[in-house]
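Going by the order they are written in, the chains are A, B, C and D; count residues from 1 in each one.
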Amino acid sequence: MSTQIFENKMKVRDYECDGQGVVNNANYLHYFEHTRHEFMESCGIRLRDLTAENILPVVRRASLKYKNSLRGSEEFICTARIERKGLRYLFHQQIRRIPDNTLCAEGVIEVVCVIGGKVNAPAMFDKAFADYIVWLDK
Amino acid sequence: MSTQIFENKMKVRDYECDGQGVVNNANYLHYFEHTRHEFMESCGIRLRDLTAENILPVVRRASLKYKNSLRGSEEFICTARIERKGLRYLFHQQIRRIPDNTLCAEGVIEVVCVIGGKVNAPAMFDKAFADYIVWLDK
Amino acid sequence: MSTQIFENKMKVRDYECDGQGVVNNANYLHYFEHTRHEFMESCGIRLRDLTAENILPVVRRASLKYKNSLRGSEEFICTARIERKGLRYLFHQQIRRIPDNTLCAEGVIEVVCVIGGKVNAPAMFDKAFADYIVWLDK
Amino acid sequence: MSTQIFENKMKVRDYECDGQGVVNNANYLHYFEHTRHEFMESCGIRLRDLTAENILPVVRRASLKYKNSLRGSEEFICTARIERKGLRYLFHQQIRRIPDNTLCAEGVIEVVCVIGGKVNAPAMFDKAFADYIVWLDK
């Protein structure tokens, strides 16, 4: 049985473009983050509930490749494929423009979970994300 | 003795401009807010300390006039003149471009302070802001 | 026949919240703007095409009331009701949280259209927005 | 003679923090970009003049490591050290908190310059950045 890839449909908002008329490079991290949080929510976990319990998902590394610029009002699919390596969650994410499926950006976002000041991987995450996670060191 | 006006020198960052090549309208609220927080800090009060104590300054109303557009890399002075009316703080704010002193935007931002879920005006604010506040109903 | 109100369903993205755990005041202007651009697009007019033709919708004034804070991942409806007064378009906009219909923010955003450096009201706008505009001075 | 490192002093604005109370991960790309543009400007090149001439610096890759979170109102130095490899400019950037010099984030941002749709390295850049660039393949 293969693991699933999460897909989130989004649309460029004009204020996300900068003076060059294309989406500013930093906003792709926003798109990726929002998609990760939509993924979590689809699994029953909401970020602000985690924050209230002092469980803090934290980005440790991000590696981004910008391929083709998104422009105002364009629609796109932002995806997330998830690997678990030690205590780290590796989100392999892509942004593909609709309707031509052009790859606009891709990245690997490494996230750890800080609980009470220490990096940990909550059992509830493994359960909630079971259909999506590929375990790299099992 | 006249009351003081707080001045904060800032500079447009290119990512704050949108596809029209000028600063996006929402960012003026960011400039105004940052200047209010710089004002507070100059009086010895830091926002994140307030947040930690659950004292929450909250914007209730904002009235903005956009006069002339700011463009990438332009420097400007953002000012704040403060009135107190009942439990409300009224920040009269302007943004003037350097070096020609052109008025780019002005606004009145009405802020109240929510403490434990209730609107209140902490005595420490009156003391800290004493040199700046004009009392409208005294 | 009554004029129409445009409705745009949106959802808070967690990065739009600030350290107080609620949507930052400036982002409501982003929500309002995105909804106006979605409205225009539903009428066949796309902002970046206007920009390419040097037709620049510009915000002149904004008057905002903040009623109830939006928090991370909450869904809401952002509306726009449009009046035309002289060369000005007045967008009466509201943000209502789903599912309880709580009014979170409302505002009046005054927009003019700058063409070749002069304020003008393009005939194509009147035609495109015909089902929505209430003429105040006819 | 050693090459220079560009330094840009900045300060966290409270709206740059998210619901976790720390600067959101995407904003570090904003800090890095603003510092690159300040660097260019210190060398006599302003981004919006480039845009007007259709010379478009474009981010191709970004590799980021997040070490320690910045919080509201903290001051920091953002640096840039520049390498030239083929037609690519590699900006090695760091963010260090003041006053303790803690490394908060570091990244390598790969930028190319698109002129008339083609990647090129303008001679004026080499001249303007002469004191800063380390040539990797000369």
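Brief remarks follow.
Rule of thumb we're sticking to: contacts are C-beta pairs under 8 Å (C-beta built on N, C-alpha and C of every residue); 3 or more make two chains touch, one makes a residue touch a chain.
Keep in mind that what you see is a predicted model, and the values were worked out from it rather than measured.
The chain with its C-alpha centre at the largest distance from the centre of subunit A is B. The two copies, subunit B and subunit D, are related by a rotation of 180°, based on C-alpha atoms and rounded to the nearest 5.
The distance from the centre of subunit B to the centre of subunit D, each centre being the mean of the chain's C-alpha atoms, comes to 29 Å. Averaged C-alpha coordinates give centres for subunit A and subunit B that are 34 Å from one another.
The distance from the centre of subunit A to the centre of subunit D, each centre being the mean of the chain's C-alpha atoms, comes to 24 Å. Within subunit B, residues 14-15, 17, 19, 21, 24, 26, 30, 33, 47-48, 51, 72 each touch two or more of the remaining chains. The touching residues of subunit D, counted against subunit B in their complex, run 13-15, 17, 21, 30, 33-34, 37, 41, 46-48, 51, 71-73. Chain contact summary for the complex, subunit C toward subunit B: residues 19-20, 24-27, 29-30, 33, 47-48, 51, 56, 58-66, 69. Of all residues in subunit B, only 14-15, 17-19, 21, 24, 26, 72 touch subunit A in the complex they form.
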